[in-house]
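Presented sequentially are two complexes of subunit A, the first with subunit B as partner and the second with subunit C.
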Partner chain A sequence: MTPIVPKEEQKMKVSELVEKAGLVVFAGETAVANEVTGGYVSDLLSDVMANAREGDIWITLQSHMNTIAVASLKDLAAVLLVNGIVPSAEVIARANDEGIVVLGTGEAAFSITGKIYPLI
Partner chain B sequence: MVKLRYEIEGGNFDLAGTASSQVKKVLKQLNISQLLIKKIVVALYESEVNVVAHAYKGHIEVEIHPERVDMKITDEGPGIPDVESAMKAGFSTASQKVREMGFGAGMGLPNIKKNTDYLKIETVVGKGTTLTMTKKLDYAT
Partner chain C sequence: MKQFKADLHIHTTLSPCGSLDMSPKNIIAAALKAGLDMIAITDHNSTKQVQVIKELGQSKGIEVIGGAEINSSEEVHCLTLFETGEVLQEFQEYLDRHLVPVKNDPAYFGYQVVVNANDEIIEEEDRLLISTLDVGVVEIEQAVHKMGGLFIPAHIDRPFNGIISQLGFVPYELKADAYGLTRHADLVKWQNDKRVPENAVFLRNSDAHRPRAIGRAFSIFEMNDATFSEMRKTLIGENGRKIILPG
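And then the complex of A and B:
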């Protein structure tokens, strides 16, 4: 029989994902306690605006100012930049100002999504 | 009624979303439901990006009434020669540079229509475009 785990204990925090998936934290360290409730993979901003949900981790290669704007408007839990992309100092500063967690990985979107998916 | 107005600078992608973000803050302060705020924010952000991507300058006016939010986005720009095509998902006239940033997927106007209850597009080629849209604050939905 599967043990019943209380919902509270099932919550995945950004900080736990960082640890378990070996991610880099570029910005928004103050918000790493954000709960991750899902994920969305896309490089089209309008697609993310239309289809991502609050609490999602957004996996993308878009690392400019509007990535931060979209993440903020959609109340996303974090942005995860793939393929070793490093955001500019300006983007990091904006993310820190707005309390948006920006993470990074050397892996491509497909493989990191596969790693993160079973953790959420 | 609460009235808001924000200027939009054409071509400045670093600032795109600023006006939408300000409106979102006010809507939250007014205790408007999360679901309705999300829809309004999508429509406003897409409109704001359209002005940044295509026009020289513009502004957003928002009127928050107890039962609805009226939004008007006015720009000075090239106008839309073919509104019918522009409303189709996937149709875009955005530049290569804009597309590389992840915009210009031809989802803007369809996203706006989907997230509002009323949308009117008035456009004059060579002069500019005005979008008038309304979101009903219908808490039954």
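And then the complex of A and C:
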């Protein structure tokens, strides 16, 4: 019989996703214990403001300063920048100030989303 | 002071999405028909069609401002306007340095041609002009202001390629001279929208891609003369100059 795992233990942390999907941490190390409860893929910040949910990992190529503000506003678990995009020093500093985890991958949004989806 | 009717967002034959009817002669004729006193020529990421239209406008009594509609790395469209041909050339060099190279496929995107005053094609642009620049919107704004130009995020009420759709709200560090609205936008709603800085100045422009759209949206500048320097003063409300938007 399969043991019933208490719900508490099934929760996926940002740090576990980083390890399992081979992601880079650019900023917000202090918040990598954030729980990831879902995901959202979009490059339109207005769309993310309207439709992302608290606890989502946001997969995007927009590395603008406003990305950090939107992630903070929506209480997202982390921002994952795709296609090898490296955020500017200003964006990293702002993310660190606001405790926003900013991750990176060399993969495109489609393939990294496919990897992360079954993990959450 | 007098009132001048201005449409500061017009494409030409050079924009891939611009109709081949958007020749200098047709643009000036349509602007006269629409009763415009000032127009701005703003092709995607290029200024190369400005000069001939400016000269034609001068002979027909229409003030033509030169510029471009830039596409930033975040895919935000913004109008950039410049006073002189020299600065416009300097900005063209900036565009040449920063345009992400993609070859145009005229069958798919449309032709990108520079034409002379007789509507004859004198150059075809090979690089896809609706591609993005490799620099962000704030960096471009700073470069434009350093050259003495004006920087105006375009059609901010659109669900795509506007600063609000792309970036959620106007970045705090951006210093825009005005914000562009389409003819459908509710001005009062935008004046009270928290995503735009307080006391923002708004303009309505047509974003015309074909002659009959020229002047469909416009702004009225109440100022002394139809010139770039008067326009700049009006944008900051100097000495009672003001902008009146229809609707």
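Observations on the model:
Criterion: the second predicted complex is superposed on the first by the 117 of 120 C-alpha atoms of A that agree within 3 Å, B and C clash if a C-alpha of one lies under 4 Å from a C-alpha of the other, contacts with A are read in each partner's own complex, and residues count from 1 in each chain.
In this section, contacts are C-beta pairs under 8 Å (C-beta built on N, C-alpha and C of every residue); 3 or more make two chains touch, one makes a residue touch a chain.
Quick caveat: nothing in here was measured; it's all calculated off a predicted structure.
Looking at the superposed arrangement, the partner reaching more residues of subunit A, out of subunit B and subunit C, is B.
Judged by the touch definition given at the top, the superposed model places A:I112 against neither subunit B nor subunit C. With both structures placed on the common chain, the touch criterion links A:L23 to neither subunit B nor subunit C. Of the two partner chains placed by the overlay, subunit B and subunit C both lie in contact with A:N66. Looking at the shared chain after the overlay, A:L45 reaches both subunit B and subunit C.
Overlap of the subunit B and subunit C interfaces on subunit A comprises residues 43-47, 49, 62, 64-66, 69-70.
Listing the residues of subunit A that touch subunit B in their complex gives 43-47, 49-50, 54, 60, 62, 64-67, 69-70, 72-74, 90. Looking at the complex, you find that subunit B touches subunit A at residues 13-14, 16-18, 20-21, 24, 34, 38, 41-42, 45-46, 49, 101-103, 105, 107-108, 111, 114.
Contact residues of subunit C toward subunit A in the complex are 74-75, 136, 138, 159-160, 164-169, 171-173.
Contact residues of subunit A toward subunit C in the complex are 43-49, 62, 64-66, 69-70.
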